[in-house]
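Naming follows writing order (A, B, C and D), and every chain is counted from residue 1.
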Amino acid sequence: MSENWEPKIITFVCNWCTYAGADLAGTSRFKYASNIRIIKTPCSGRIDPMFIVSAFEKGADAVLISGCHPGDCHYNEGNYNARRKFTMMKRLLDTLGVDTRRVVFAWCSASEGIKFSRLVNEVTESIKKLGPYTDYHSLNQEER
Amino acid sequence: MQELVKKAKELIESKEVDLLIGYQSDGEKGAKPLFVKNTQQAEKLIFNQYCLNNLVTYLKRPDVKALKKVAVVAKGCDIRSFVMLLSENQVSRDAIFIIGMTCDHVVSPDGTGENEKCTTCKVHNPHLADVVLGAPVPEKIAKDKPVHYAQLEKLNAMSQEERWAFWQEELSRCIRCYACRQACPLCYCERCIVDFNTPQWIDTRSNPRGNFAWNIVRALHLAGRCINCGECERVCPANIPLMLLNQSLQEEAQEKFAWEAGYDPESQPPLTTFRKEDDEDFIR
Amino acid sequence: MAEYYITQSKMTALLKELASDSGMEVFGPVKKGNDVFISKMDGKTELCLDYFISVNSIKEAIFPRFEPILKYKLRSEGVELAELPPIKPLVVFGGHPCDAASIPLMKDLFSWDYKDHFYLQRLEKVVIITLACVEKDENCFCTSLGGSPHGETGSDILLERVSKDGWQAKIVSEKGKKFIETHLDFFRDTITPEKGIPKLQDKDIPVMFQSDRVKKWIEKNFDHPLWEEVASNCWSCAACTYVCPTCHCFDITDDATMWEGVRTKNWDACTLPFFTKHASGHNPRSQSYERYRQRISHKYSYYIDLFNHVSCTGCGRCSRVCKAGVNILDIVKRIDEESKKGEK
Amino acid sequence: MARIGVFVCWCGSNIAETVEVSKVAEVSKSIPGVVYSVDYKYMCSDPGQELVKNAIKEYKLTGVVVASCSPRMHEKTFRKAALEAGLNPYMLEMANIREQCSWVHNNMDEGTQKSIDLVRMMVEKVKRNKPLDDISIPVTKKAMVIGGGVTGIQAALDIASGGIPVVLVEKESSIGGKMSALDETFPTLDCSQCILTPKMVEVAQHPLVQIISYAEIEKLEGFVGNFKATIRKKARYVDVDACTGCGTCWQKCPVKVDSEFEQGLGKRKAIFIPFPQAIPSRPRIDAENCLKLTKDRCGICEKVCPTKAIHYDDKDEFMEVEVGAIVVATGYKIMPVSAFPEYGGGQYPDVVTSLQFERMVCASGPTLGDLKRPSDGKLPETVVFVKCVGSRDPEHYHSYCSKICCMYVAKQTMLYRHKVHHGNCYVFYIDVRSNGKNYEEFVRRAQEQEGAQYIRGRVSSIYKDGDDMVVEGADTLTNSQIKVKCDLVVLATAMEAPDGIKQLAQKLGIGYDQHGFLTEAHPKLRPVETATAGIFLAGCALSPRDIPDSVSEGSAAAAKVLGLLSKDTLDKEGVVAIVNELTCVGCQNCIRVCPYNAIELKDICNRQGELQRQVAHVNPGLCTGCGTCTPSCPSRSIELQGFRDTELYAEINALAEL
């Protein structure tokens, strides 16, 4: 692990709760680690479990996925559907030996700017301790 | 066997079906699919413990779908996949004549002993058929009893790192022949996601990345749908223990969603529905 | 000419030593479950020397499942070509004569209208050490296609079993000779041939059809209902083609991140449903039997037109892996019978 | 070939303080496809927007990335500017380098690096974006109200007053609903008929309201703005157009049966109007009891009818109406006493429901307001009221509170005392919930001025002792067992979802809860909407409510309908899902997960019209762009435009190592 290595955390959020919550963290000036890169989707129901795989393939050290709390979904049910997919994906990744400490699911509402900033800091800290996800990144070798 | 041949001839002669898919013997200790279109071919029909193939898989094929009515010889386990096809709008009940075979067990893929899948079978007697042939077999497991797969225990006992190493080793042999997909009765997409290239979700090369992603997506797309017929693993030329993945997700579906696939055509696969009170301990 | 022998343990040691060298690639038989696969080895790989035939052929050692043929980087100044991985010398151990026999066939193709230098370079650098057959099964039919259980075609060194523990090494090519000379230490032992060591003769695998008769029938019977009858079981996977020593179709795929990309030669198979799918959505081979017909016709007819040789060595691997019960020998025999009927 | 412009905003010092904006603009130039980049102090200002517009024209940009504040702030602003410059607005994306970057980070290097990444992600996305058109759907300017109780009447009146024609569909032969059977209403004790009847008349006479009574919804097709409802007009055996409502028929009809309107306490004829003020005041024949229709005898009504309006061969008729919006105000039913055998319900005639009690005291009731107990006609000297019967009892009946019982029981004690000044009345209660305007005062009045005696506790049993009824229960305040001898017991039984409501909900494609009450789109913020666009809810169809709440909701739903139908078209963003029909296999996953029922199966037929296969089809009018369908599709045959896989994947891909 090189001295100045910083974890890359790819984050998928819904537009109505977590993206707004992240905006609120901004307007409230709650500081957090700069390691996350947010990809906005309309709803956690749009977040495909395969995004996790792609993120690791493209060098993510962790993936953070967040949407509205149950009952808060702008589209009523998207997060409930998403939750089932995530349940299965988590089990599958676990079965395959993927380090599921690097796949974090959270609910974060539009009013939880503080939760969002803490979440990012906690995840960043824990991934710093785990180090780069070399196991997964080593799958990228181009030769046989 | 007389019964089966008689029924098949009846169906063919009366033109009730255009095609009957059954088994023929393949050597002394083997069986393979047989497509029956005339009574002469029907003579070759057999059913025994070597009849491993899940013939329901042929029902997804366009040329078979195009026929007016098709009969298929199916064991209880195979019928579970038919139930899934029904619930997913892939077959019309009227277009298929199910010849259900009672079945105590089939042999394991290497031809010796009882097949592992039969130890967890709840449908030795077909649960949905147009005609059931063979003597009734006592069911050993109650319908509502959750199924537990013994072979998962070894994998579950491993550390995360060990599981990673285990799968990397296993999947390194994957040559991406897609036998697992083609043999699966529930992999019926017209265009598989692996053949989708905007974007190319899954590397089509049989490199570690592509093999890993492919096997993730295959298991994921069968999550809550796999009915444990074991065909993917049996047909894999590289002997990859694919059913471990499917069974792990079957257990998850049972534990978290109280769901077992392939019994009720009216019910919805678990990833197309939800309960508000679903477990979410893993979500912060 | 001197006689060379090698024991099993020395062979294992030699392969392991070579496999430890990062400048080389070594392929050998590795056991998995009840089956053996010709796999890429490293210094720690456990070899299996007691097997009938590997599931896969030696093809993938020389014609990799995937191979980068172009690499580039995108820079603000423009596109910059990147270096490709070098093609290393390689040793392939553990195939049978039916594997090796595919080499000249494949060479014909890859040096035909376009010279595939990836394949040809590797061919130049490979040493193929073949094991003469001591066993056969109902799927073997090399003799029907001019092969032999102890045929030398395509091999550099042919090992014939002389004892429980060792082989006599027959030099077939200059490369083979050089290989033995380089590693002479491993080939010095003299093994006295033991009695009762099984040896397979040509006659043990009877000729079962005439390939020219098969070709004649195929040429005239593209629309014959027989095709559908014999191949209706096929569920259109690529298991048969990928284990086949002579199937050689590949696709060219691009994979790119934002800043760099690689173009890859990637195995493909005429049995897969999408192989001939047009951009329009039309698929001229939409049925599985049509695809299987292509596979047989290509091997037993079209290839002969181009290279004067059947593109099949009779190894029977496709029949062994096919759990749908599609059996190439049964089909070719059926065609031969039909053809005979037609002659009368 | 993509020609992308990148516009980096300083936001004064808001961004520039933590992000080296000039460097972001400079580095952006090296991103493949970027042909222009610039930084500017306030990109959202008029000159800033001009900068964007001019660059779009000058550099023939095919896509724009504005790196500035959150898209929630200014996406609309910049997309409008893009449109003005001739670029499809969906070809503009924003990189959020303020709220999600400069404001949350301190370090200049980190902020700059992250901004560059965010820009790169959006450049990669916008390169793959496709121009989208906003969707415009014509609407049918007509509404349908299902249920002609006071809620439905109010909704119909308000919609019609807004100039939109309304079809009011009522299951019974008259509108009016439950309210028409009430005596006086809390907390004002004004006569129910007196306040309801004028409304009934008003709605009946409104030129834009068409009342279709004795009818039910058979089928509903279509979607918001464009519904097509099939209404089953049940066979009435009376030609309502010919009939003048003279009443000769029901006076002459020899058959007498229990009247539903009178809660079984009075009789009606086999040809009847439910109550004198019925609207339409046209009778119907009860086919189950009519001698002509059951035994082919009698036929008197036909003979006496002066206008020949009786038709014994009448059949159910179907009519189709096209409407743009629907209000469901189907109301409730009350649990019958027979549901409570432990309280002697069904066994003793003197155990009645509160609705029966309403009829017993009502001046237009079967006894014309003389309070007589059902068994022997005796004036009840002592009456016991029992509250929460079937409500708030999750182990045996319903978990919910029926909400209005506290108030009407207080009212009924008063009605009783007004009739029987010397009478005793007792109320068994668990709690007294009186949280409405003047409600608490009303209950107090019952207790303090009108002599109602409240006993806190559950009733354990009710039985008959000679002539008397005995109510046994616990007084939980004094912690003693208590026995009350009385003449009449009134059970405040629970309000329930009416029969057939689930079937109706399924026909309409709207949700219902475990109790059978219809589900609102959001319990707080969208209380009268359903998840199905264009279908609204009001009144007790949702859960127990009192009259003021029901009427308010009727008006609220009407306001929603008017809002929807005020324009000629329904306009919405182009971010909707689209199906690739070539690859879709019709597995229904997307249909099952769609929260808005916006996807349906579509038949693909060959030229001979034979069904070849079925595929999913998105109704863009109903799709709200959540994208839940996409991950549910194994073959990626359904994609959410604006958030297609290739666009999101490009964002991930942009983060691969340099």
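In the analysis below, a contact is a pair of C-beta atoms (placed from the backbone, for glycine too) under 8 Å apart; a residue touches a chain by one contact, two chains touch by 3 or more.
Being a predicted model, the structure only gives us computed values, none of them experimental.
Colleague: Go through A-C and B-C and name the pair with more C-beta contacts between its chains.
Modeller: Of A-C and B-C, more C-beta pairs in contact link B-C.
Colleague: So, comparing C-alpha centroids, which chain is the farthest one from chain C?
Modeller: If we average the C-alpha coordinates per chain, D ends up farthest from chain C.
Colleague: Report, in whole Å, the distance between the mean C-alpha point of chain B and the mean C-alpha point of chain D.
Modeller: Distance between chain centres, rounded to whole Å: 43 Å.
Colleague: Whole-Å distance, chain A centre to chain B centre, using C-alpha means?
Modeller: Measuring from centre to centre gives 34 Å for this pair.
Colleague: At least two partner chains per residue is the criterion; list those residues in chain C.
Modeller: Chain C, residues with two or more chain partners: 65-66, 257.
Colleague: Identify all positions of chain A at which a residue touches two or more other chains, and write them in rising order.
Modeller: Chain A, residues with two or more chain partners: 49-50, 54, 58, 77, 81, 85, 142, 144.
Colleague: What parts of chain D, by residue number, touch at least two of the other chains?
Modeller: Touching at least two other chains: 582, 593, 632, 645, 649, 653, 656-657.
Colleague: Quick check: in the complex, which residue numbers of chain C touch chain B?
Modeller: 32-35, 37, 39, 55-56, 60, 65-66, 138, 229, 232-233, 235-239, 241-243, 251, 253, 255, 264, 266-267, 269, 272, 274, 286-288, 321, 323-325
Colleague: Could you please specify the touching residues of chain B with respect to chain A in the complex?
Modeller: 155, 158, 160-168, 201, 203, 207-209, 212-213, 215-217, 219-220, 223-224, 244-245, 248-249, 252-253, 256-257, 270-276, 278-280, 282-284
Colleague: Touching residues of chain C toward chain A in the complex: what are they?
Modeller: Against chain A, the touching part of chain C is residues 40, 64-68, 71, 85, 257, 262.
Colleague: What does chain B use to touch chain D in their complex?
Modeller: Contacts found on chain B: 88-90, 188-193, 196, 198-199, 201, 221, 268-269, 271-273.
Colleague: So in the complex, which bits of chain A are touching chain D?
Modeller: 8, 10, 19-20, 22-23, 25-27, 29-32, 34, 37-43, 45-51, 54-55, 58-60, 74-78, 81-82, 85, 117
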